[in-house]
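Order of writing sets the labels: A, B, C and D. Residues in every chain begin at 1.
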């Protein structure tokens, strides 16, 4: 059975299961989405491109953008970046504030909100036109010109983003935010509002399967070692409080977003994006998780 | 450069660095060890066996034994096991008691002490002669008859094991320990006192690189899927509060012990054991970590 | 309206309310009590003795005993005692383990279990025959020879006392317990099993209203300043996570036990004991709290 | 020895001790104060007014203002107020964020910053001209027209008030703040900037010793029962993580501020204000605490 067949089989098997997830409710605008959408797209380093379902539709990538800001910041600061944020898995959201307190405002990793806010602050300090420059970086990586922020989503998130405002001010109180909290938050909410399709996403993330080089232009985005490290980080911290479960069941580095998207990377082989808007209780796409479990089990392509 | 050369080069490079670690001080007996010892041994699924330095010397494997009890308990209970313990990374030791409280006595994973104590309780309930049966299981896996518990180490650890006694009683108060705390602890301290050499260790762990089958007898210990899951767990939770760092720098599933041993597994390829008694501030072998970082960088054999 | 009338009125008003409390369920033996019992007894420093209802019946004083062990330990060690335990209110049970961790095993105050266990350890180190000597001390204070431990209650509590065992071992791991945990716990469970009547209790606690002197023999148990301090401690820490509420509504120093007893002291004036076995959700006697609120409101005898 | 002599003796005894405190450093402007200042003033309900030292000098009352906003909010909302904030002592600052999380954004009491911010929000929702109305309320209570906010202090505090901004946004995320965080914080920083002298403070707080009535005009500010409750709250929660110690050593309801002021109330008798800018490690005036301990010991006027 080749990889296309594995994907098609898994897609059809999962498409019709009872979707026990729920739409993200905390960002008002995210509820305005067709919850029946379900798309998958794979891009391999030997140039296979294959999609099923709604793989052309754009959706809000949300936290998946944290890998992209991290990549850009890592590219700029190099290893100095790790003075501002650590690389250890975090326990529950519940603990994150205590840990910030105990660890003097240094977030546990760049994928919890606290860490992603610090990364946003790093970019804000180092880019001339942060929103524009970051968008251009994303366009280059994905080899697509049709990627934009969603003003509507950003505004919607900002209108209820009190917890992120709390985190940002808390970290600022420890001196680990350089810019004004209001500016950091404005930039942060914009990042999360990026809209992309499964196809664009899997194309974009292919550089992480390709030792840090874009496939289209063979441009080096990160060193081999840095690429390995981003993958390791996605493996240990990419799925909130379900990172262990994901490693356990799927066994690939990856990152999810509350828009229902998941990206997973198999080093040296492929990047695969899946999108289904309803989330399980840990905040990850219900069908997306199920699909990837099925996919790696059948394809035997887990890294473990 | 072949793998033997990579190991030899890495060994000699790390052997002479300034060892910034310290001997484990909390178990009195563990301080009576020659801190200059340094050994490495690799076993590959294509039957290479190669060691450097003190790879024949026995040392106290301590927490590495947690992978072995987990394997045995998983073998017995199957997926039911995960009702007793989760598979998520834990934050700091600091948080573990709070997390037990919030999560009703279900430990975050089988490699933190709380989880390993629950696993010990599972074995106690399911084995006729727990200590003997477990030892035989270990002997079978490693294809070596010369493995024993160290009574001295077990007694030494017991004499200061108040924190583990606290954990065990705390979990018992939530109903997640079936046996008497004193009996669970007695068994637990024994497990951790197992003594093995790097050679025995890498031979033993080879089944995790070999889809769950022992190499010597081709005996199936775990299913393919269970094997993958143990590897995933070692990846996300194997190094206390340095699991992220280890994934980040080394990029292999593994497990460390405060005796200074580390085992790492490259699925489908090899198991490698390293031993150097002095620990870094996170409780992992200082030189062991450095060696493995050097080894995977040079061999390009990380999974990421 | 004199004080007897206030008590009688309050007693009859509260006697017939709907008792929304529940019997303590975590100690099996404590459930074998007549939940309709309701007794009150006041002892004043001008020698009034007055009771209503079941004030002659014995009940398990449980945590009220913590004031008595504290008194005895304070008497023995003086101000040095405060190196072993602090005098600050604690938040929820939930936090107590974290606080022990952060504060290196020094409990927040002598009335949370952690603190009372440390006090038990102090007595164990300083008394020749701890159980006997403490019982004699209590008999002297209360001017009653008919006070005993309940072996049945102590055994019942011990059979489920895993959380206290956890606390004791945890504190021991920080070095703040001198004796063996099993011996400290044995003594501790015995202390809590003391049985007394409301009459005996209010007689006993009168020394705290009388500047530290027993009323019967004018024997000095504590200095004036020490007495003031015990009262202050009961005020701020006497009612678990309802200490603020009790100060807010009743306004007297006091201490409750899960046997349904409450003692309250008005310095320079009186001690009043009330008993009704059903507990509110914070673990304090439902009717007892209501009675004392009514009593201090009507008598205008709050300290505030 | 009459009360004036007790005060004079205590004042002179404490004046010359080595001041081990330090000026509050976290609000830049608060460091610009003469640290040698030391003043005391008592106001009794039988109209004694007596001061020593710098009792006419104005200082920043900071957190002492929390009692005044609480009084005003309690006056407006009555017992409904306690749905927004509890009355239990809090543990350390360290725990406050966890407790907010566990208790769904309901602060433990109105004197920790979280609680005082909620009280500020209540006033903001209920007053036409919050800053002006509150100032007038304070002027009425103290019978002094010369009380003002310090714009300089408010601005200074705002410039570094990230932790309060974090708290306010965090509580808002739970829905327990009605107004915009920026407006609540602006009002809150103003409240804390009130400047008063010891004389004005002790005059003002006399209503809490006088069953809720101002002494000058016999105007009822709070009911008898409400007054008792505010006193109880000051007793259990008035001194950050030193509330137990203060009850233990001084034995009066009271409130401190990081400007170095302390107010203490003896119900039915007097209010006493003391000011000395250097703070002990818990954030309370070093000499102020020492003076009050000496004063209640010598005057035997503790409530315990």
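The definition used in the following text is that a residue touches a chain if its C-beta (ideal position, glycine included) is under 8 Å from a C-beta of that chain, and two chains touch if they have at least 3 such contacts.
Just so we're clear, the structure is a prediction, and the values are computed from it rather than from any experiment.
In terms of the stated touch criterion, subunit A and subunit D have no partners in common. Using CA-based centroids throughout, the chain positioned farthest away from subunit C is A.
Mean C-alpha positions place subunit B and subunit C at a centre distance of 47 Å. The geometric centre of subunit A is 32 Å away from that of subunit B, both derived from CA atoms.
Inter-chain spacing, taken between the CA centroids of subunit A and subunit C, is 55 Å. Chain contacts: subunit A has residues 94, 98 touching two or more partner chains.
Applying the touch definition to all chain combinations yields A-B, A-D, B-C, C-D. On subunit D, the positions that touch subunit C within their shared complex are 86-92, 94-95, 98-99, 102, 108-109, 225, 227-229, 231-233, 235-237, 241-245, 247-249, 251, 253, 267, 297, 302-304. Remark: subunit A residues 94, 97-98, 101, 162-163, 165-170, 172-173, 181 touch subunit D in the complex.
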